[in-house]
Every structure is written in C-alpha cells, then in structure tokens.
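Both complexes shown next keep chain A, but they swap its partner, so chain B is in the first and chain C is in the second.
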Partner chain A sequence: MVHQLCLISTIEFSNYIQTISTLQAITGQVPTSISTYSIISKPINVFKPKFEPGKVNQIEQFFMKSITTWDEDININDPIIDKQFTSKLFTGENKIWTLQIADIPIAGKNQICSLQNIYESTLVYNSNDNSFLQFLNDLGYEVINQFWNKGLRFFYGDIVIEIYKIFIRDDGQQEENPDDMEGIQKSDKITLKLLDESNGFQIKAFINVPKSTDLDIINQGYKDLVKLQDNLKGLVKFEIPDRIFMDSRVSST
Partner chain B sequence: MDALESLRNRLNQVHISLRKLSEQINYANRFQEKSKLPTYGQFQNQFHILLTQLHSITNIIENNQEALRNSNAFPLPSFPTTQHEGLLTTLLRKKPLPEVETWIDEAIEKSKDLNINSEIDDEFCQWCLSQIQSLREEFQFYGFLSTNELEVLETEQGKLESEKKKEIEREKQDYEFKITNGKKPMNPNHVLKFMFQGKLE
Partner chain C sequence: MVSAVILNVNANPESITQFHDELSNELPNLKGNWNFSFKIFRNNQYSIPPDKADSLEVSDETKFLHTLSPSYLKESCISLINKRSSALFTSLINEEVGDLSSTLLTIPDNHLHMGATTGLNDQFDMFITQKLQSLWTLRQNIRGDGGQIYELENGNLTIRTSNVFLHGIFKGLLIEVVVDDHVVEKHDKEYLNALFDKITKNYKIPMGKICFDLLGKDAFDKYGDLCLQYSEILNF
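Entry: the complex of A and B
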C-alpha cells in the first residue's frame, strides 16, 4: 500500500517545450519516459450485503486497473494531427502486470493536496494457454475500458512529476473503413486516438508515502509540494484534484 | 560604549548562525535516512547572512579605529587577579594570536598576487553609476520602440513590414489552431475520472 499526495494540472501544447525546459532546469535531469497500457475492470459478481441495523455494512467493491508496459514508439513532442497509431493487442503474451486498486481520496477541509491510498500487486503472468483477460475473468473481473499512456517523468527531491497524454481506442476509424477492419484485426492491431483532442498534456506531481500514519513525512511532503506549486506558478497552475472524480468505487457510478 | 555593545551583539549573531549551520549539517549526518542535507540555496543564504554580519562588524571596528587603538583596558580592583591570571591575560590581550598573525600575513601575501586595488574599483563603480544616471536623463521612455523605428513604421516600407509580421503571427495561430482543434486542454479531473472509472461522463 502506498499513500499518495498529489496535485494536478494541464499544459497547453504551446507551453509544452517551455514547461519541459523549465522542469529540466529545476530538476537538473533528463526526463525518463513513461509508456504504459492499462485495463480498467469491474467485478463481475455484484456484492450486495443485506442492510441490517447495527451491523457494519461498509464493504465496497472497486474498479481494478491492470497496468503493463507498452513498447510503442510515439514521439509526444510532436503534435498529433490526423495521424493513425496502431498498437499490438496485449492478450496472451508473457507480461508483467500490476494490479491496482485505489481508495477514494480522503475528505477534509483546507486541503493542500489530494491524499489517496493505493493498493498494488505485481504479477508475472506466464501462462501460454490462457490470455490475461481470461485470468481477469477467473479472478472475477470484466474489462470495461482500456487506455494507453505516454509521457515523461521527472524526479525532484521526493516529488515525481509526470507529464503525459492518454490514448484511447479509435472506434470511429474502424467503422469508417469497414474493409480495413478485417485487415486490422488480422494483424492484431488497434487504431488509437488521443483522449484529449486539443493535444494538451496532463501534468501530475505526486509523492508516495509508505504509510498514511507517518505524519512527519506527510507534512514534509506538503511543504515540498507547496514549494513546487509556488516555484512553477505562472507556468503550471497546480490544483487539488476533486476527490469525487477519483472515486473508483463501483457503487458510486 | 554603544559601539562596543553593538559589536558584542553582532559577534553573538555570527556565533548563532555558525552554530545553526553546523547543527544542520550534523543533524543530517546523524539521521541520514530521516532528514536531508540543506539544499544549495540554503547554504547560499546562510553564507550571505554570515558575510553581512562580518561586514557590519568590520564597519564598526573601522569607525572606532582610533579609540580602540589608543585605549587600554585594566581590570577593576575587585577582580580576583591571582586566581584567574590565565583568563585575565587572555581577556586583556590586544595583539593577535601567533596563528592569527600568520593568517593575516598570508591573506596580505595572497592579495598582493591578485593585484586588486579596491579603492580604484570603488571609484570606477561610482563613476559608472553617475554616467548611467546622466545618460538616462538625456532620454525619455515611452513604449518599446525608438523614434527611428517609429518613423520607419510610418513609411510604406514600414507598413509592409508590419503587415508581414501580422501575417506570420496569423500563420502561427492557424498552425496552433490545427494542433489544438481550437480546444483548451481537457479538465484534469475528467481525465482522472476516465483513468479511475473508465468512462468520461
């Protein structure tokens, strides 16, 4: 389990180069790249405990994210206009997957940043017979969506700064060219498009803390984040994410 | 007397800031996993503070140079001279310690090699400053363009040029519009919602 302190913002495409150069100057390092593929899945069997007075009924079901690496060469420095991207399908490969379930961020007044518990487990999936989707199914989860993440990562003291774009499957493309569809499926490729069509970037600054009870480190984290927020103000306007949007409980939807 | 008192305060300040610095470093060494070394910026700040403090001390000493040189200190009759003879000689010593003397000699020796004449330097700075001020009085500032540039803008040639600049600006805007589709970046909260719940609305 990690406890994550986080702030978010967006970067317009025209500000991207400036932001990257600034971050390089502040952190004094060349960014590492992020390239992941995530499956969002939902429990198949709905758990509905009978409500009885006096009994604790706070058992929730959560969406689960399964994350693995994605080796596709896309240069996110270039704007993406009317370009087609394809990606391999991920089923049935020997892959390392990270399963992740996130709690709803902690509520509170006068917050400095969002505080969220995240539970993770890493799994080396080595079966050649069954696909990973089958495995998820056996686990009791069905896939509801997927996304591809491409970006850069900076480290600044304890803070991790990630700048990324999200890609999603482009269904429209396939419907428009029904002739190609077969070809696409045969070659195990999916067309992708940007989730955010403005070519803008998402930026996230976070600190992971081992325990939610370690107040010293959390307070230090607050200070570091506020300092970063202050240093970058005028360039990036870091905000506290709305906890409602980060709620991954099944019952909340 | 006032000068002596303020000198004492300044020395105390130097002492405190030096001790604070050494404590910071020691603390970082002792609890390496818990705390971090002060950053470069913090060191710089501390150093700056020390420099200012030392500077004001030298100022005070310099202003009272005559008085300090010509006065001698004597213990009061009530001071237990025999018991604290060692302390007394330390307190009343006006000559620098031998090691301090070698420091001073070394510093003088080194500064000879550097060939710096601070008085001429200061004079030069003063001269530059006065020159800048007198030069500034000859100009008046309105906007970012000089009179010549404004005159060029009035001519045909100038109009063409500004037209061209606008054209370039417009092209740049068009290009950016193509990239962004005329949209602002998505609200980060909605992106997070997609990442956590797999849907946008």
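Entry: the complex of A and C
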C-alpha cells in the first residue's frame, strides 16, 4: 500500500515552456518521460450484502485501474496510434500490467494536501492462451473505459512532479472518415483526442509514503509540498483535488 | 520444467528424518530452506451475476481463486482462477534485485520509469484481501514451514520438502518434484506418469496423493501448473 500526499493544478499551453524551464532550474534536472495506457474496469457482478441489524457492512466494491506502459512515439498535436497496437495490448503475452485500487482521500478540515491510500499489484506473466482481458473477466471485472497519458516527470527531493496530457479515444473522428481506398490504412488506426480540449497540461506534485503510520515522513512531506507550492505560486496554483471526484467505490444502488 | 506435488499425510518425525537421510545419501546440492503460503479464496456469495441479481439472494455459482507464494520465488505470488486462468504477480523491480534478476521474473525498470506503477506493490493475495473482498473471500490459509531444497542429477532434478500446516495443525509432508525441461521428452500423461514413478521409486519418496496435471495440453505454464497441483493436493 502507498500513502500518497498530493497537490494538483493545470498549466496553460502558453505557460508550458516557462514551467518546464523553472522546474529544470529548481530541480537541477532534465525531466524523464512518462507514458502510460490505462483501462478502467468495474465489477461484473452486483454486490448485495445481507443486512444484519447491528452489523456494519464494511465491504465495498471498487472500480479498478489497470496500467501499462505506452510505447508509442506520438506527436502531441496530432495523436494517431495503430489500432493493432491497442489490440496487441489486450492479448499480449508478455505485457506487464499494474492493477490499482485507490481509497477515497481522507476527509478533514484545514488540509494541506490530499491524502490517499493506493493499493497496487503488478502482473508480470499470464498464461499464453489467456489474454489480460480474460484474466480481468475471470477475476470478476469488465472494462468500461480507457485513456492514455503522456508527459514529463521531475524529482525534487521526495516530491515527484508530473506534467502530462490525457488522451481519450476520438470516436467522432472515425465516423467522419469512412473507409475508402485510402481509408483502409486509416481504419488500422485509432484516433485519439485530448481530454482537455484547451490543449493545457495537468500538473501533479506528490509524495509516496510506504507506510501510512510513518508520521515523521508524512509531516516532512507536508512541509516540502507547502514549500514547493510557495516557490511556484507565481506560475502554478497548486490546489487540493476534490476528494469526491476521487471516490472509486461502486455505489450499491 | 515439469513438476509434481505429493502430500504424504502419514508423515511423522521419524519418517521425515529417514527421507532426508535417503536424499542426503545421494550427495545432493543443498539449496537451503524455503517455505510457502497457499490461500484458497471462494467467490463472495453476495456477489451475484447481473442477470440473476433480482431473483437470487446468494450466488448459485461456485468459483475458486488459489494463490501460491513460495519463498524461492521472492516476493512473488502465483494466482489461479477457476483452475483455468493463471498469472504471476511480483513486487520486485528489476533494477532492485541485481544478480537475482536472471532467475526471477521481475517488473521491468521501464514500467516504473514510465509511470505505470508507484513501485510500492502489494502481494496479490494481500491485494485481494484488502480490496477485492466483495468478490473473493478467504476460506483457507495453508502454510508450509521448515522446507528443504535438494538439487540432484546435476541440477536436472529439484526436490523440495515442506511441512504443511492448516490453522497450525500439521497436515503432512509436502514434496515438490521439479524436472528440468531438457530432460523431459514428452508431455503426455503416460510419459509423465512413468517419469515421476521412476523418480519417486529411485529416491524413496514417501507416497501419498500425487498430482502432475497440467493446465494446458501443449503449452507449458510452469507457474500455473504448479499452482494447479497445489490446489489438487492441498484440498482438505
């Protein structure tokens, strides 16, 4: 389990270069690339726990994220990827997938940052005749959505700073390009579009703490994040993400 | 590799010592100690398929999920769902294990660097108990302790022994026999039967229920096969 302290913000496209330069200056580092493909799944079955008076049901159902690396080298302005590439991801024998379920961030007054428990387990091998999707199904999950993530990452002490764009599948684009002779090639591709059409970037500053009981490290983390927030305040307005939007519980209704 | 798992339920301190003596006489390569954890999960009965959600109070299905974590696969966990879908989970990042990386399946460095994992993974059986309780409930937790590893026939044969405990009660001596791929000629049942029959006689392995079933007929899935064999043998 990871206990994650985090702050988020957005950067307008016009401020991107300045932000990167500033971060390079304060961290003294050249950023590394991050690139992931994620699928969101939800439990197939309906959970109907028996109601017993005096007994509180603490078992919840959760949406689950499965994350793998996204190897495609894409132009961030015109993102098109091979359809074969995506289908490869689903059936690939040697694909590595991290299963992730996160608790809703902890509630409280006067918070400095978001505090969230994240649970992960990584699959490194799955038998030849079973695709990863089949594995998810056998586990009890079905895929409901997917997204792609591409960006840069800085390290600043214990803080990880990620600047990225999120892409989703652009279904509208494909309908506008019906298959013709040229379209045969086109139909092998999945067109992506930006989730945020203003072409801005997401920025996230976080610290991962291995133990939620390690109060010294958590308190130090608060201080470090506040310091970073203060240092960058003219450029990035770091905020606490709304915990309600980070609730991964499946409602029982 | 092909494997067979045997459970000798009538084992006692005397018979176990005798077997260890027999193996020692073969001048094996001693590869140290090991232990294992084997968990049996059943589908949560209140998790009901959507098409029956209105008519049923409890599920009419029975499904099993088995997990096996042998200590010789460091920080790894084999999972087998419904004796069909197998997978191997690990929390080891390749760059963190150094020399061991050639013998273990690890998370490639790239997976961490590109941002697909935080690098702080839980074991899969823990992940299920923590977050998938609505789908799977733990029914049995079987432990293997005090295990020994013997490497024989120039490394082509590995015999692992371990005492098996269920809720702290001794259930017998488990023997895991592993034969290296390049001495295995065929994969059909008769051949494997003859192969393991010869080995058990040669090394005077105390007999009991034996399982060398395979998940698939052709492709060898060594992790899945091993977990399947444990699930057949440790079925109390």
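Basically, the second predicted complex is superposed on the first by the 218 of 253 C-alpha atoms of A that agree within 3 Å, B and C clash if a C-alpha of one lies under 4 Å from a C-alpha of the other, contacts with A are read in each partner's own complex, and residues count from 1 in each chain.
The criterion applied here is as follows: contacts are C-beta pairs under 8 Å (C-beta built on N, C-alpha and C of every residue); 3 or more make two chains touch, one makes a residue touch a chain.
Since we're looking at a predicted model, the values are computed, not measured.
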item: Contacts of A:Phe63 with chain B and chain C, given as first, second, both or neither; value: first
item: Chain B versus chain C as contact partner of A:Ile166, first or second or both or neither; value: first
item: Touching partner for A:Ala25 - first (chain B), second (chain C), both, neither; value: neither
item: Which superposed partner A:Ser198 touches (first chain B, second chain C, both, neither); value: first
item: Touched chain A residues, chain B compared with chain C; value: C
item: Touched partner set for A:Tyr125, first chain B, second chain C, both or neither; value: second
item: Contacts of A:Ile96 with chain B and chain C, given as first, second, both or neither; value: second
item: First (chain B), second (chain C), both or neither touched by A:Ala107; value: neither
item: Interface residues, chain A side, partner chain C - complex; value: 1-2, 4, 32-36, 43-50, 59-62, 64, 67-70, 96, 98-99, 101, 118-130, 134-135, 138-140, 149, 153, 162, 208, 210
item: Footprint of chain B on chain A - complex, ascending; value: 8-14, 38, 40, 42, 63, 65, 79, 81, 102, 144-145, 147, 157, 166, 195-202, 204, 216, 239, 241-242, 245-248, 253
item: Residues on chain B engaged by chain A in the complex (per definition of touch); value: 34, 36, 176, 178-181, 183-199
item: Interface residues, chain C side, partner chain A - complex; value: 43-44, 46-50, 53, 57, 59, 65, 77, 81-82, 84-91, 105-108, 110-111, 113-124, 126-127, 130-136, 215-216, 219, 221, 223-224
